[in-house]
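Input: structures, listed below.
One chain, chain A, appears in both complexes that follow, with chain B as partner in the first and chain C in the second.
Right, the complex of A and B next:
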């Protein structure tokens, strides 16, 4: 039994004779050695999860820790279809080219399922590999809608892709605009904001439509300036001065890879504007230490926190903190750690329902069909939702349009369903060295505070 | 008006730091004829030594800074003795080995400290409102120290015996040997000075801009630009260049922040094309 698939990429017609012979020779060798060597043997005894992430970052480590925790729990309760789970990892270094290689590397090393992909550029980099390796790929780190649009366009080649979190960039925008309207405008009385966004793929749809959507949502808040800065920016002095001059009530951040530096400089410069928004680095448990004590009052969106989002959330956060087999310094799960854990357990449920492993494409299709059942529409309502740590999870279906006013005619099959009672987000604020939930109201653990120099 | 003041002030603060990096790089080129591509990595390693001492071992910040400076002043000559000197007659190999060393140092720091940017505790706290912008004392002190160090270096080169020896060596190695200058000792000294300057630049930038092991090619680009712009081996030229780049970046950041990193590269290419000998050409040290 070989685990390699027999689907050549479309480009195989263009293979040179030499490379074809090389490939054929290797194939023959693999067939003859198949029962004896390599990942084929391993596959018979364990089910291998392959994670691709920037391994040296907090986000790579937190995701790995969440997966290892989940694998330990699953193996302790009898495994999956009688087999133990195992984790292999590959480093994307957060780069598109490395992410592509990581997918190929994990597939070659016998991964049955792929997961990870912190940040959109890395995920976009994997596009050419997805139809080639033909393995179920659960995105837990990137929000770009490009991939699920690809599923809608070329289902046969991209059906393997599912997003477990975060919600896609359009929904992140809707969440952000909702927060501005309901919280910043509704509760704090803000009238003007400045957008401060790192210049990268995932922030583009957000800054492009922020003002329009605010209006559409019935908010009177004005975006008085949009500052998009290069990710390599080290000195933020002039950007903050520009924001102050624009005359606003606060800075709304849209940053993932950067965040430590601007936050530290914002505090050092005592910028008289609260720093709220999406600031992914601020999800780190040691963000206060990383920024040299600048975290106080910083607000960020996250997928979940230690709050009763579902019955699974608080137990997971506590188990994560207590799990010291790896990365003992990582004690608070990042958004992609929550999603990685959810991906694992959702996969377990789908595989058990399908009763098979993805050892050929027909069986892979059976598992895909089971995953597609999560959130399937019945009488216009999503059903069979999976209870995860970040909410009740399900996927949009093929041909299901009108899910976002920002792209009303586009379907986003296999994208995470967004909305009340589904997956959403939590707004947390750093207060006295701790992350507190300030919104939504039903999960709130504290009220909003201003930066120390504005109190 | 306030925009102009801001550009003048922020530009000066950042340029003085760039000048530290550039002078260290150009001195090694002037005296030893070596393009040390690991110079940017020296800046970063210096900062990480202090981060290790101050935030992980809990040392006093002044002690941590001293350790970093002494550490790099010893490390740089060691690199020269062990890696560069044995192959000094093959410039291409030297070029390659310093590049490899840079990558090696980056990866090592990423492994030890992760790739998340770190911020060093400030040397001095407090801040001041100057011409409409809020500046921390830390930045002002850093800038003044940088200018002071460069001034001291200038004085040393111009007015002391050792300085004259450095100058002589940079002009003509054989001639310097003929008049009894111990080339080897002076070369080691210059590497030590260069390492120490890199460490100081690293410490200051980590204390208000933050530092990360990967992707921060900026110091090297600055150093390179400064050397090319100013003319290879020219200290005044590299000072000019550091300020041109610092101000160009500040102005870009003000009006077109997406393109901040592009400016120094663009200036570099333009000058290389129209004035390959640099702004001031090869002059002193």
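Right, the complex of A and C next:
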């Protein structure tokens, strides 16, 4: 079987996911557990949010801090349906096998709702558990489209999954290509780029189609080399030399898990190419310290920053910085912190509209139906958008195809809508120790600068 | 390695259990008032295991006849579930022990569950002569403060691969779960043979064999702890034994051979937090004491540190350890983070290099 995003691979251990679901009957398996041990056991006094993330990372801590901040605010204003919210956490360690255990762990401990996930591989690891635990799961950090494709294929078992952010890998590609065309080519006059991508599940759709989509978007920029490197790479010297020899105007990064080391080496070696693109590690407030002062001029895409994306954005960023109950060293929200906070308040709104908690599958379905109303199409336009910190949020519907030219016949139900007027992200650049917004123009706080050794 | 007869092993293990030295709160012993409820396809009082469990009172025995039974079976009370032998009695869909249940499980095969055997909350399971094979995720998964004693059993071919991501270990324990395994074969599972995270702990002994698993033979992460004696861990894709994060292990009388990256790895991250991924907590230290052990035929015999990160420290004592036939290096110490390594009475043979530093 072809290894692609919309197909399941053959099992490497004698049992495929398909045969598991067919043989065991995942939904029946869960429902047959009965009221005592089944998935609907819940705490009576509080509503429990279960967060699964790599807890030891900045991104796990930022998400946890954002959720605790939101929970504190919600509880202070009367809670949800008269109950206080509580947070429990479980470590994915960034691994698919541990992510699956984390989902089970949170469900066993009485979580009413699940959220989190940073590594796409970890999110993929939850697939066998989702039909069994049957809890609403809001992805706030991983971009792989595999899960929403699963929703389209097997709605009854995967209807629980929604992505609050970031947009999926295909839309990240479209965002990136749009930035190359409009900013790097349009404003800076770049003609050639080298893609520098970590070899990870979420980057493959991006590197596979980058050049094709540039042409389709009317850009003349050439991708003169695609460098995919193992995440365990410790020495980037030869890769930088390769990029320089390719004769490009800059390095376009596609890295989430590994940005610190290559950035530090890029600056230490004074590589004569600007470092722009997706560099998730550069979202951290202490990125400059982590890279030994290498952050200057690094550009990354992020979901939001301290800019008036919506009326909620700047207050959240300021509240996050001031919130010292946990992780006081984490002062700038990462993209998944924005999304985690949005997930909590979107969930609150959906539960209040449904008027019920997910104490059985019928009531869970009522909440799912309310979540599906965010961004529901009316006369071909998304309506009832949720105003979050990252923008206006809504979900694609079942059977809605043609949303990306990269998979025109594929629906992505419960994936975050992408397009004009919707949440999509902004491009920030490190300048003199601060993150400045360089695009889009309406949120711009500074112009683009070159690396110090190229000025 | 010295060999023991099966009878001796079994006698020793059972004696240990009887003394209550292993898992806190052992399986329910049959009492004079306890009843035996029979389950079989036809001619018994019950045709399904779950209905027999519902009818049983604590300390009863459920006697399960030959055949295939559909689960998942959920056990919430103190019971003995006795099959007709792993070749004759199969439970499809898994067995889940919940709450304060105390369960004895013998003579069954468990297959086609999410997890084959799952322990939640403070459940205690004592299992003997069982086979756990072909479950979608883990062979055994332990959560909460649960405890498992597993004797003379086989755990194989659990886990799946989704888009190249291995999911599912032979035994996976997290939270504060405890496992004791004796004379077990754990082979060809998708991820690790045994995986411990958080504050989980394990005793692994008595000729247990862990081989050909998709990641590590035994992987310790978080603050987990293991005592390992007479283990043979071989042919696993990454490490025979990985002692990472803040975990601790005491190893003796064991052999680690032909593992993909190293026989034993001490002092790295258990997570996939690669490339300097922004850990904000203080440095951590893995601790290991390894004695009277053979490390043979691995790329690296013993790897101390992980060659890429600077925060992982290690405190290692090696005594009477034979390191041989390492194609890259016998003992490789990554100098990037503090390492305290004490070696005595070591033997090196036929390694590309006996000792190295990166």
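Basically, the second predicted complex is superposed on the first by the 413 of 455 C-alpha atoms of A that agree within 3 Å, B and C clash if a C-alpha of one lies under 4 Å from a C-alpha of the other, contacts with A are read in each partner's own complex, and residues count from 1 in each chain.
Simple rule for what comes next: a contact is a pair of C-beta atoms (placed from the backbone, for glycine too) under 8 Å apart; a residue touches a chain by one contact, two chains touch by 3 or more.
Predicted model, so just to flag it, every value in this text is computed and none were measured.
Asks: Going by the contact rule set out at the top, does A:105 touch chain B (first), chain C (second), both, or neither?
Replies: A:105 sits against chain C, while chain B stays out of touch.
Asks: Going by the contact rule set out at the top, does A:232 touch chain B (first), chain C (second), both, or neither?
Replies: Touch partners of A:232: chain B and chain C.
Asks: Which partner, chain B or chain C, is in contact with more residues of chain A?
Replies: C
Asks: Counting only touches as set out at the top, which of chain B and chain C does A:201 meet: first, second, both, neither?
Replies: In the superposition, A:201 touches chain C alone.
Asks: Considering only the touch criterion stated at the top, classify A:58 as touching first (chain B), second (chain C), both, or neither.
Replies: both
Asks: Quick check on the superposed pair: does A:156 touch chain B, chain C, both, or neither? Answer first, second, both or neither.
Replies: neither
Asks: Is A:125 in contact with chain B, with chain C, with both, or with neither (first, second, both, neither)?
Replies: In the superposed model, A:125 contacts chain C only, not chain B.
Asks: Using the touch definition from the top, say if A:270 reaches chain B (first), chain C (second), both or neither.
Replies: It touches chain B, and chain C stays clear.
Asks: With the two structures laid over each other on chain A, which partner does A:261 touch: chain B (first), chain C (second), both, or neither?
Replies: both
Asks: Looking at A:242 after the superposition, I want to know if it touches chain B, chain C, both of them or none. Which is it: first, second, both, neither?
Replies: First partner only.
Asks: With the touch criterion stated at the top, can you tell me which chain A residues are shared between the chain B interface and the chain C interface?
Replies: 54, 56-58, 61, 93, 232-234, 260-261, 264, 281, 284, 290
Asks: Note which residues of chain C are touching chain A in the complex, please.
Replies: 72, 74, 76, 92-94, 96, 98, 112-115, 118, 120-121, 134-138, 141, 143-144, 157-169, 172, 174-175, 188-192, 195, 197-198, 214-215, 221-222, 270-281, 307-308
Asks: Can you name the residues of chain A that touch chain C in the complex?
Replies: Residues 3, 5, 8-9, 11-17, 20, 23-24, 26, 29, 32-34, 36-37, 54, 56-59, 61, 90-91, 93-98, 100-101, 104-105, 108-109, 119, 121, 124-125, 127-129, 132, 146, 198, 201, 231-234, 257-262, 264, 281, 284, 290, 327, 329-330.
Asks: Can you check the complex and tell me which residues of chain B touch chain A?
Replies: Checking each residue of chain B against chain A gives 2, 6-7, 10, 13-14, 55, 110-111, 114-122, 127, 133-136, 138, 205, 208-210, 214-216, 218, 249-250, 253-254, 257-261.
Asks: Contact residues on chain A for chain B in the complex?
Replies: 54, 56-58, 61, 93, 199, 227-230, 232-235, 237-239, 241-242, 245, 260-261, 264-265, 268-271, 281, 284, 289-292, 294
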